[in-house]
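Look at the two complexes coming up: subunit A is in both, with subunit B in one and subunit C in the other.
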Partner chain A sequence: MIEFTLDGRPASAQEGELLVHAAARNGVFVPTLCHDDKLEPYGGCRMCVVGVEGSPRPLPACATRVIEGMVVSTNSNVPQLQKTLTEMLLSEHLNADPGGRPNELVDLARELGAEAPLILPDAKREPYSDRNRLMGYEPDTCILCNRCVRYTQEVMQCSALSLEGRGPEARIVPTWERSWLDTECELCGGCLSVCPTGAIYEKFLEGAGVEERQLEQTKTTCTFCGVGCQIDLNVDPETKRIVKVTSKPEYVSNEGDLCVKGRFSFNFVHHPDRLTEPLVRGEDGALHPASWEEALRAAADGLKGVIRRHSAQAIGVLASARLTNEENYLIQKLARIGLGTNSVHSCEAT
Partner chain B sequence: MDVLRLATVLETMPRERTRLLDNLGRLRREVGPITPELSDALADHMRLRHGDVHEVTSFYSFLQVPVDAVRVCTGPVCDSRGARDRLDGHAIEVPCLGHCDLAPVVLHGDEVVGGVTYSTNGFLLEPDDLRVPPKLSSDDVVERLRGSGLTGMGGAGFPTWRKWDAVLREPGPRVVIVNADEGEPGTIKDRYVMELRPRLLLEGAVIAARVVEATELYIYLREEYATARARLEAALDDYRKAGLLAGLATSLVIGAGAYICGEETAMLESMEGRRGMPRLRPPFPAQSGYLGRPTLINNVETLAHVALILRGDWQPARLWSVSGAVGKPGCYEASLDVTLRELIDGYAGGLVGEPAAIVPGGAASGILPPAALDVPLTREALTEWGCGVGSAAVQVFPKEYSPLRLLAETMRFFAEESCQKCTPCRIGNRALHHVCEELEHGRAAMSRGQVEEWLDAMTLTSICGLGQAAPYPVRNAFERWPELFAPLGPAPVEEPASA
Partner chain C sequence: MIGSNTTEAHPVLALRIKKAVRKGATLVVADPRAIWLTKIAKRHLQLRPGSDVWLLNAIMHTILEEGLEAEEYVREQTEDFEAVREVVSRYPPEEAERWTGVPAEAIRATAREYATERHAAIFYTLGITEHACGVDNIWSLANLVLMTGHLGYESTGLNALRGQNNVQGLNDSGANPTYLPGYQPVDDPVVRAKFSEAWGAEVPERAGFRLDQIMSGLHDDRIKALYLIGENPGHTEPNAHHVAEGLSKLEFLVSQDIFLSDTAERYADVVLPASSFAEKDGTFTNTERRVNRVRAAVPLPGNARGDRQIVLDLARELGCDWPEYPDAESVWNELADLCPNWAGIRYFRLEDEGLQWPCASVDDEGSRFLHEKTTARPSGRGKFHPVEYQPPIEEPDADYPFVLSTGRTLYHYNSGAMTMREDGITDKQRDPFFEISAEDASSLGVADGDWMRLVSRRGDLQARAQVSSRVFPGLVWMALHFAEAKVNWLTHDVGDPLIGTPEYKVSAVRLEVV
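And now, the complex of A and B:
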């Protein structure tokens, strides 16, 4: 641990800790917009600047590491600078908050009492629309914090989003302004998950009529593959329907990252054709609801019948790619010892 | 697109990311302007993502423009001399082209329309002979630089010996970069050095490389300087033949139209094949620069002075670029404490007409009124006038050119050249440009108090010198020509908070 001074009081930090975290642990909240712990320090939005003794200019707390004896202040001129920077960001939008989506800039402006003193004449960036049905992008809400682009480069390594151009024309677009589907995007939605303003958003939510802030979260495990990503199902409290899936950086197996299936393939849950109980085909050729016990017995009887008539070598076992290692282990046990066949395979092996 | 030609050219292109800018520049020259298809083809060849190449391509002004395009300079000096009248449907508008002594300037492809003439004096006129640099120990050289008092001529004015010493203290391998990206409006001096004394520059660069025991030497040259490029290449050939570059991998890196790449950390990013956006400091380039190696970055003129100092015939002096409403615009060697009047009358052929505003050292150095004609152009004296000496680019604007127009054009320049990375510079400069334009119509887009708060935030929270210094000319104009800003209302009574 190292000692430093924060707003005149003694404080402590871990060796090499970012000032923004050390301040938070010592009870001082420093606002950030472009910072994301998943990404390399960037220091672009400047919202997190704090005074540091000996430095001619305030320093970004998101990119400055605490050193022994540092004297840090978040009062004096810092609140004014935060307010001015917020005003600046607001002046870049005709409507900073179009979709009613959670927007950290709008929250911050409310907290600091900041309003745009003018709207820049070139504020509105050309609208963007494309053919994908999952992710939308509203350029006018974007604050060019570059989090999404840095995520595509540093985490997902798809680089499917670009910070294009320089000066007033600079903007975020998928590669060469193509449809997301025509870039190297895999629709994992990761860029969307780091966007602080909702400029990139889930298209499902458009017109869903739910205030995103009121969604209820239920933590569960993605069932689509053996990685077992931890996810939060976001449920509309009124209709009890899942409206989106999110994840959190502190979830161990996936650190908040997901793939297209985990993030976007949840609609099956509400599909009318979804099976919700075991069915067994009866003498009449139709499927009938059954208990798990009955269903498993029917399956076992069927397998035994095959062994009797054709020997165990007539059976092959194909395991789903969704299974974990442990489940795959049990599957081969079932095949080799239970059924007596060595023909066992997982489709993940190909 | 000629696919066969593309395939042949691609085959010869290296795959290291550090060669991305170079590859893009070559593709543009040898195949055509960079289209999305060319960009993707290069990305596939270099095993980069399509988006990585898109981002970089779009950062520069010229990669998507044909090589034979007509480029009209609308920098402040050219603008004050009617450059915008030369814009027709085909020509593209570009910021200062570094030929302000010939304003208004138009480039057709690589050629300056109307040809290039020089108006100069001093060491620039001496024969550019190749001399073997003296064999001195690193300590000796650093000591002599220290004794000379030489400071950087690129704009920041940092003591040269101190930087060399700092790089030497870091473990190798080390790198030397010559900053030849000259882009500060009004500045023509580095072009004069490279076109007239390329061997003298290389002498300084080779000394720098030896002193800091560098294994690589780069010269980052702005794309618009085709003549300088040819002369540097010829001089490099001479050096190579004379065996003076043995053990030193030397290359020219050609920019692609982005003023900000003259900022040293933006230059490093650009050279590493990314968008030229400045890095956060610390670490400084001397500690961690090109590819993380200790890197010495010096301006062209600085290195020319180094060579002269070690040759033993140097008096403290610098090159002043003088342009605008003067009789003989050009690049003149004069003492460090010369006054505007001495420069203009003694070297630049006197004033033409009545001056209204004088910029002492480049866009961000501030704006002086004619009353300052007898102020010595030293850092100390100019600080009292709220100005800096910058890159010593003196630009004289006649009374027909309103200071408000000058300010509007200056802010437009900053807005368009801002790399976008940080909020205060990206938005502040755009807003100030807008405020000036509205004032030209007598309207107030913001109140004076708000403008002052925004200027403070720009100075204090911008990442690099562009955003930090951009408020200078605005504050100067407020003070010198308050009547122009009357619509904004009264200045705040309380001093705005400062660091």
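And now, the complex of A and C:
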């Protein structure tokens, strides 16, 4: 541990710890925008500047490591600097709240009492459209913090996105301004998950009746591979439909990261092809809707008939990795003592 | 990484590997295809499909030749080492090069790096298991791990990456002909007596059939009825035309699922509309044995029912007198009460994050490492199994000159029942395709995107050629996701002699221009 001074009080930090983390552990919250714990220190937006004794100018807490005896101040001229920076960002932030998405800049502005002093005449950026149906980008909401580009480079290690243009023309684009579908982008949506302002967003939410902030979240486990990513199903409280899937950095196993299936493949849950009625094959050879009572009777009678004519050993039961432990437990119990066979297995035999 | 296309099959786990490599870890990829991870790997061992035993035995040959084995670990913690020493002495790297296509020097270098690094882990997936010699492949990997003592501590071990969300839990909960829940053998009378007493009914003594035996039973009159829950064997089992023929002979078929599969549409007598993961409570167990909560977020559609409810309703209809099981937790508690390694895992402990079994009591924090103190075998000693190379069942010949290997892509999931219904994803990948080398494409006169016919002894299909540097001449690769071009029409159904796992990774095909 090393000792330093934070706002006039003694504080301690781990060797090599970033100032932003050390301050938080000592009870001082330093606001950030471009910082993300998943990514390398960047220090791009300067929102986290703090005063450090001996330094001629304020330093970014997200990119400065604590050293022994450092004297740090977050309360002299720092709040005024943060407010000014926020005002500068707001003056280019024409579309502050598209779709009611969470927006760290707007939250911060509210906290600091910052408002755009003026709108820059050349602030309007060229709109961006892409034929993919999953992700959109709203340049007028983007603050060019580069978190998305850094996520693609550092975490995914791909070159799907880049920061193009300068000054008022600057914006984030898929490589060579091609569609997201035509680059090496794997549609994982990591870029939108780290975007602080909702500039990159789930496209299918456009025109949804409910604001993102009002979605109900249920934490569960992803249904695809065996990694067991922890996810939040975001449900529209009125329609009771899943409208998006998110995750959080503190979740074990995936640390908030998801893949294309985990993040974007949930519409199947509400697909019109879902089976909604039991079906029983009739004399005509076709499947017909039936009541549960009829279907369960038919299932039980059919299975009992096979046991009677042959034996329980003539029945195979295939359970599934799609199901929960509890369901699989009941299925094997049914096979063994309900039907009388140990022949219960699944395609997971591989 | 061996036989694992991690960035596509386990994309989020692959992020950890990418991060480790970025921080300086050495990555070696052994795979017949130049998968994404080879871009950041120090070395790619591009072996011929089915030659894993040659590769692994040659790695062990080098380790023993150069005296790099963990002598003390082998002496104190293992048994039957000498038999492996004898076998691998006959697998020198130079000869391995001829069988595997991997340069002898690359084999030697990998052996040295793996044996001398204290934190060295092996990850594998179905590229290892889906062979007629799948068990041999696993034993070879286990031999390598034991020989070097890479077991029971951080960043080591032999790590199976489970392909589906609850492969681990499915087996843990006893949906297995050999084991009752918690891997308690059904052929042990004491175990049977314990479950019979708890359940108030006799657990049958007669051995059950494995999946492959059930499938072959469709043809030899052993199996007359199937109860399928969330399974579509007409798509996912090998030699699928033959499977369909078998299904057509059934006297009775029940399908419990969320969509009407093509198998159910043609052959089911009763279809029961069931629940998706978003509509139910319970637990899934991930690939690191972590039991995670599953929570219902949305209501069931129409008259569909939860799978727990359906099984209970059917049990009642069959005359079973079971407890109420008002919720998933009551089922879990019965499982945990009967299974010592799960006894300490209870729902109230899973609220924030999952727990890894073994977990013996409610004050047990669970186990990060299965073999932490000693190997988890009754003797406490890791067992070496000597393995000799066996060639694949079906090798290419003049009529069927290409090796076909199969697998999964990033964008889709198994039979495609879920992901093929996602427009945003099918925009990226929809048509059936197969990977072919530029050399083969050129000699057959086909260009990228051209449709071709793939023909095996068991069936044929049409797919688009994707000219790719991922495969080498003589090898083609195709995913299993496409309903209109089921690659399992082509695969053969001779599996591993011990456990029946099909050899999805090696079949012989020919290619025809259409």
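By our rule, the second predicted complex is superposed on the first by the 270 of 350 C-alpha atoms of A that agree within 3 Å, B and C clash if a C-alpha of one lies under 4 Å from a C-alpha of the other, contacts with A are read in each partner's own complex, and residues count from 1 in each chain.
FYI, a residue touches a chain if its C-beta (ideal position, glycine included) is under 8 Å from a C-beta of that chain, and two chains touch if they have at least 3 such contacts.
None of these values were measured; they are calculated from a predicted model.
By the touch criterion defined above, A:Cys347 lies against subunit C but remains apart from subunit B after alignment on the C-alpha atoms of chain A.
In the overlay built on the shared chain, the residue A:Pro60 is in contact with subunit B alone; subunit C does not reach it.
In the superposed model, A:Leu275 lies in contact with subunit C only, and not with subunit B. Of the two partner chains, subunit C is the only one that A:Val155 touches; subunit B does not reach it. When the two structures are aligned on the shared chain, A:Leu81 is found in touch with subunit B, with no touch to subunit C.
Which of subunit B and subunit C touches more residues of subunit A: that partner is C. By the touch criterion stated above, A:Val71 is placed in contact with neither subunit B nor subunit C. By the document's definition of touching, neither partner reaches A:Leu94: not subunit B, not subunit C.
Note: residues 157 of subunit A belong to the subunit B contact set and to the subunit C contact set alike, using the contact criterion stated above. On the subunit A side of its complex with subunit C, the touching residues are 131-134, 154-157, 181, 186-188, 203-204, 216, 218-230, 233, 235, 240-242, 251-254, 257-262, 264-271, 273-281, 287, 292, 295-300, 302-306, 309-310, 312-350. Of all the residues in subunit A, the ones that touch subunit B in their complex are 41, 43-47, 49, 51, 56-58, 60, 63, 76-77, 80-81, 84-85, 87-89, 91-92, 117-118, 120-122, 143-144, 146, 149, 152-153, 157-168, 170, 174-176, 178, 183-184. Here subunit B touches subunit A in the complex through residues 36, 39-40, 48-52, 54-55, 58-59, 61, 258, 260, 275, 280, 415-424, 426-428, 430-431, 434, 445-447, 450, 453-454, 456-457, 460-463, 468, 497-499, going by the rule given at the top.
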